[in-house]
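Okay, so chain A shows up in both of these, paired with chain B first and chain C after.
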Partner chain A sequence: MSTKIFPKDKWVEVLEGLKDSYKVVVPVKEGDYFNFRPLENGTRPNFDFQNTRLSAKSAIYPQSERMFEYSLDSGDSDAFQMKEAEKDYSPQAIVGIRPCDAYAFQLVRRNFDNPDYQDPWWVKKFETTTFVGLGCNDPCATCFCSSAGCGPFDRKGLDVLLHDIGDAYVAKGLTEKGEEFLQKAGGKDAGKEDIKKAEALTRDVVKKMGPGISADKLKDKKATDLYEAPFWEEVAFACINCGTCTYLCPTCWCFDIQDEVQRLDQKGDRLRNWDSCMFPLFTLHASGHNPRSKKHERVRQRFMHKLKYYIDKYDQGIQCVGCGRCVQFCPVNIDIRQVAEKMNSYEG
Partner chain B sequence: MIEYTEKIREIAKKLLEEGTVDVFIGYKKGSVPMMNEPVLISDPADVDKLHWDSNCGLNLCNYLTGRKDRIGILATGCNSRNIVTHVIENQIPRENLHIVGVPCTGVISHRAVKRAVKNREITEVVENPGGETFSVKGPGYEETFNKAEFLQLNCAVCTHRNPVEFDSIVAEKVPEQENVEAYKDVEKIESMPPGERQAFFRRTISNCIRCYACRNACPLCYCPTCFVDESKPQWVGKSIDPVDTMTFHFLRAYHCAGRCTDCGACERVCPVGIPVRQFTKKLNKDALELFEWEAGLDLEKRPPLDVYKVDDYNDFVK
Partner chain C sequence: MDNPYLPYPVRIDKIVIETEDRNLKTFRFVFLNPEDEQKFAYTPGQFAELSIAGQGEIPIGIASSPTEKGFVAFTVNKAGKVTTHLHNMKEGDVMGIRGPLGNWYPWERMEGKNVVIVGAGFAFTTLRSSIVYMLEPENRPKFKDITVVYGSRNPGMLLYKDELVEWEKRDDMEMHITVDGTDDPDWKYNVGFVPAITEEKIKSADNAIAIVCGPPIVIRLTQPILLNLGFDPENIILSLENRMKCGIGMCGRCNIGEKFVCKDGPVFSLAQLQQMPQDY
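And then the complex of A and B:
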């Protein structure tokens, strides 16, 4: 695998040059924060960020995605038939994704791509995407990736890992897809000194990481004990049941399916939209019964899913990569690190 | 306002010990800077968890809805006005409440602070003695700012800093701000031609992710089922189509007409920084201009939109 070097002042040019081969998705500053956007005319990529406000989740799994289209106009020859909506699966490269957010796709993959079920749209999008990660020289105080199965330079979810060594990026190819990206990107091979610099940086940052999440005892606890633990109402008191935590989370995958028909032409779409277990509607049955009608039941579900059910089902750690978005942006300061601590130390 | 903390603990302890209230609703210190967490205290031994500073920017009235117990609750000017509105709208009986007034000098805008330190990591924000300045600390830096220049936008134009309804109060009342230009931004939008105004609103909501944090942080939004969550019939689409998103924001704002106290919770909590008050403020301005009405100032007065007067000066009711 090759290791290349790209001077920062030429970096955007390199990305522009890749537009023929990929839909290039880059971090862009929008007002006070960053989000991933396709590199188009007028897009100004900006890699001077800690992390994007929303993860890159929507580049694989859009907040609202057309699954099928149909017509309810009986005059149409193909009326009342579901047809798969046309979608763009040309290769895309997400450039600048943080290692935690890239690793998140590996966790989500267990849900969308497993021996029993394969979600065709998620899988196609995932397979046609090249993940070009940017290692974190400067993790946030709310980051806890190193205790959540990955780390600031974790490679598991990446095809290429970029190290910011000041005036240049050292780019390490990690997979065949990544090699192909680097070939297309051009650039010179990195020198020994640059590689050394990148490696030293990695070691320093890993040492700097703050306290992590406690999850080591969760696997051995009984799910029913945790479910019935006395602290859920207290944990949930402040919760306003908004969707901030779930929508900002790179590992939350739940969706809702909706049919929308335009009254004028009777053409309709079947959409799938992100949904949130924080919303009462998420579990409302057609009968009117709601098995999670109370706030603390919904809050419990979110933490139990991330910190217990996921472990029990896949035995691959927690369903959290430690990006810290929910900690930073929960409007009422419910902190998953504190909840995990309560669960981890709970003795039935 | 951090100096209120001791007094708040003292009052809460007394209320709980004497059995005046069953529970006390306040804030505890948050785990990240400029965030505090609403907390429910029922044991007098726990009152030391209570905390107050210039980052208590949610609206505690939100936590009253549906409670049947006797409640002690902290209330700034706007929060107390929302409690009055709750009582008027029969959401909570006044006699179940012991309102502990908090004369407020405004909440710090976490966005303005992050901007001022150029988005560098913030590890601590502390209020300095006297409360006029606060210091922001992060890796390798410390800067001090004047609080008055970093208030949330709603606090900067607030004319009801002192609680309007309370049973005890944590400190002397603070002077009210005068000569504020509360509706300059609304006037700017009003003066736009319709096309430009629509483009402005479209831009404003373009990053909305429909998480409903604004609605859920709002004490007025206590409907058992919000119109956007109705499924029989379904009034609004659930994707992020701009028309549906605008429908949500506009209808919610209209639903708050004559009820909103401009507490700013909606704007504070938005994860993508939408200036949500641009919608509700227009209705506040209309309520003031058309009905000489500001919400939640008087337990005895009915709000303009739920009252019928035979001698109404408007023609349309006759």
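And then the complex of A and C:
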């Protein structure tokens, strides 16, 4: 696998050049925060960020996705029958994604791509995307990826890993797709000195990571014990069910399916939209019964899903990559690391 | 790849109003593409998402038995947006069915055993599928005694009334029909709550598997009766419900612990439920 070097002053040119081969998605500064946006005319990529506010999940899994369209005109021969909506799966490259967010797609993939069912839209979009990650020289105070199964220079889920050595990016190809990307990007082979600088980054950053998440004992605990633990009401006390955590989280994937009628008697769409277990309507039955009518029941569900049910289901660790967005943006300062500690140390 | 969200197009072939209050109707569907009927091969206990363009989808237990060819039938309670729209549809209307979804009653395990079926209210639909399936001549010998207890609030609320009367007359099964109460002086069958009639009529747990379907109160009261009789929690089979959307274990909505009611269920044994959080 090759290692290339891209001087920063030529980087935007390289990205623009890649537009011939990929839909390029880059970090962009919007107000005080950064977000991933498609590189179009006028887009100003900005890689001087710690992490984007929203995760990159919408690049594979849009917030609202048209599944089907249908005619509601009884005059049409195929009225009331679902037709698959046209999609564009031309190659996409997400450049500058952090290793935590890239690893998150591996976790989410287990949900959408399994032996029993495959979600055609998620899977096709994922398979046509190249992940060009940017290792973190300077993690946020709220980052805890190293204790959540990945790390600031972790390679899981990436096709290329970029190392920011100051005036250039040292780009390591990790997969066939990554090599293809590097081919198309051009760039010279990185020299020994540059590679040494890149490797030093991966060592230096370890000292900078903040407190981690303790989840090592969760696998052996009984789900029913944790579920009936007495601390949930206390954990949920401050929560306002705003849903920010689920919105920003790269490993949250719950969705709703809604039919939207454009013109009555003419046509409509079936959409797949992000949804959140934090909202009371999420589990409301038509009969009026709601298994999670109380706030602490919903808060418990979120943490049990992330830190226990996912482990029970897949035995591949917790459903969290330590990106720290929920810690940073929760308006009432609920910290998943503190909740995990309560769960991890609970004796039933 | 197959798109698991794409329904098979169907036509409403027949609508039967089951109950006096007109809130329950049985819809019989015919597939627009005949080959879809093979693809839809199902086993009693499973459900399907009934899909109405412009309205949404509803997860409903399959009431017909796979031994009944040429159609699939569902009994639907009018409860909300989509079910109300369905209730206003007519024979000949086109819509969609997605499925079959979920797991099924443990038929293999039930072979060679006495089968006890306890149903209440309109949860009886997949139990009808099961009874018709077992009574099919090539299936009947696989099971020993079949005992059914089915009740509703009053005679007008019983489903499949004509069939119940036929089953009551058969000598290859015991059919106990009951109602909570009635002012019909000609009522021939039992009067009493389903759990009470179950206690009265079910005498033994020997070599038996019990399937219980009904509203939570009936399940709650029937469980201890069966346990007292000696039924092992592994041999008490329940079918759960939950708010669903995708029906294929992906949208995350219907989970109980790490299990999805739509995919790992809706059929669970009491033994399994005892290991799961009581999140319902």
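Following the convention adopted for this analysis, the second predicted complex is superposed on the first by the 345 of 348 C-alpha atoms of A that agree within 3 Å, B and C clash if a C-alpha of one lies under 4 Å from a C-alpha of the other, contacts with A are read in each partner's own complex, and residues count from 1 in each chain.
The rule is simple: a residue touches a chain if its C-beta (ideal position, glycine included) is under 8 Å from a C-beta of that chain, and two chains touch if they have at least 3 such contacts.
What you are looking at is a predicted structure, and each value in this text was computed from that prediction instead of being measured.
When the two complexes are overlaid on their common chain A, residue A:258 makes contact with chain B and with chain C alike. By the document's definition of touching, of the two partners only chain C reaches A:112; chain B does not. When the two complexes are overlaid on their common chain A, residue A:334 makes contact with chain B while staying clear of chain C.
In the overlay built on the shared chain, the residue A:238 is in contact with chain B alone; chain C does not reach it.
In the superposed pair of complexes, A:30 makes contact with chain B only, with no contact to chain C. Applying the stated contact rule after C-alpha superposition, one finds that A:63 touches chain B and leaves chain C untouched.
Chain A uses residues 256, 258, 284 to touch chain B in one structure and chain C in the other. Only residues 30-32, 35-40, 58, 62-63, 111, 114-115, 119, 121-123, 207, 209-213, 215-217, 229, 231, 237-241, 268-269, 271-273 of chain B touch chain A when the two sit together in their complex. On the side of chain C, the complex with chain A involves touching residues 1-7, 9, 32, 51-57, 79-80, 83, 93-96, 241-243, 245-246, 248-253, 255, 257-258, 263, 275-280.
For chain A in complex with chain C, the touching residues are 67-68, 70, 72, 79-82, 84, 111-112, 116-120, 123, 223-224, 227-228, 253-259, 261, 268, 270, 275, 277, 282-287, 291-292, 297, 301, 304-305, 308-310, 312-313.
Within the complex formed with chain B, the residues of chain A that make contact are 30-33, 35, 50, 53-54, 63-64, 138, 140-142, 234, 237-238, 240-244, 246-248, 256, 258, 260, 271, 273, 276, 279-281, 284, 327-335, 337-338.
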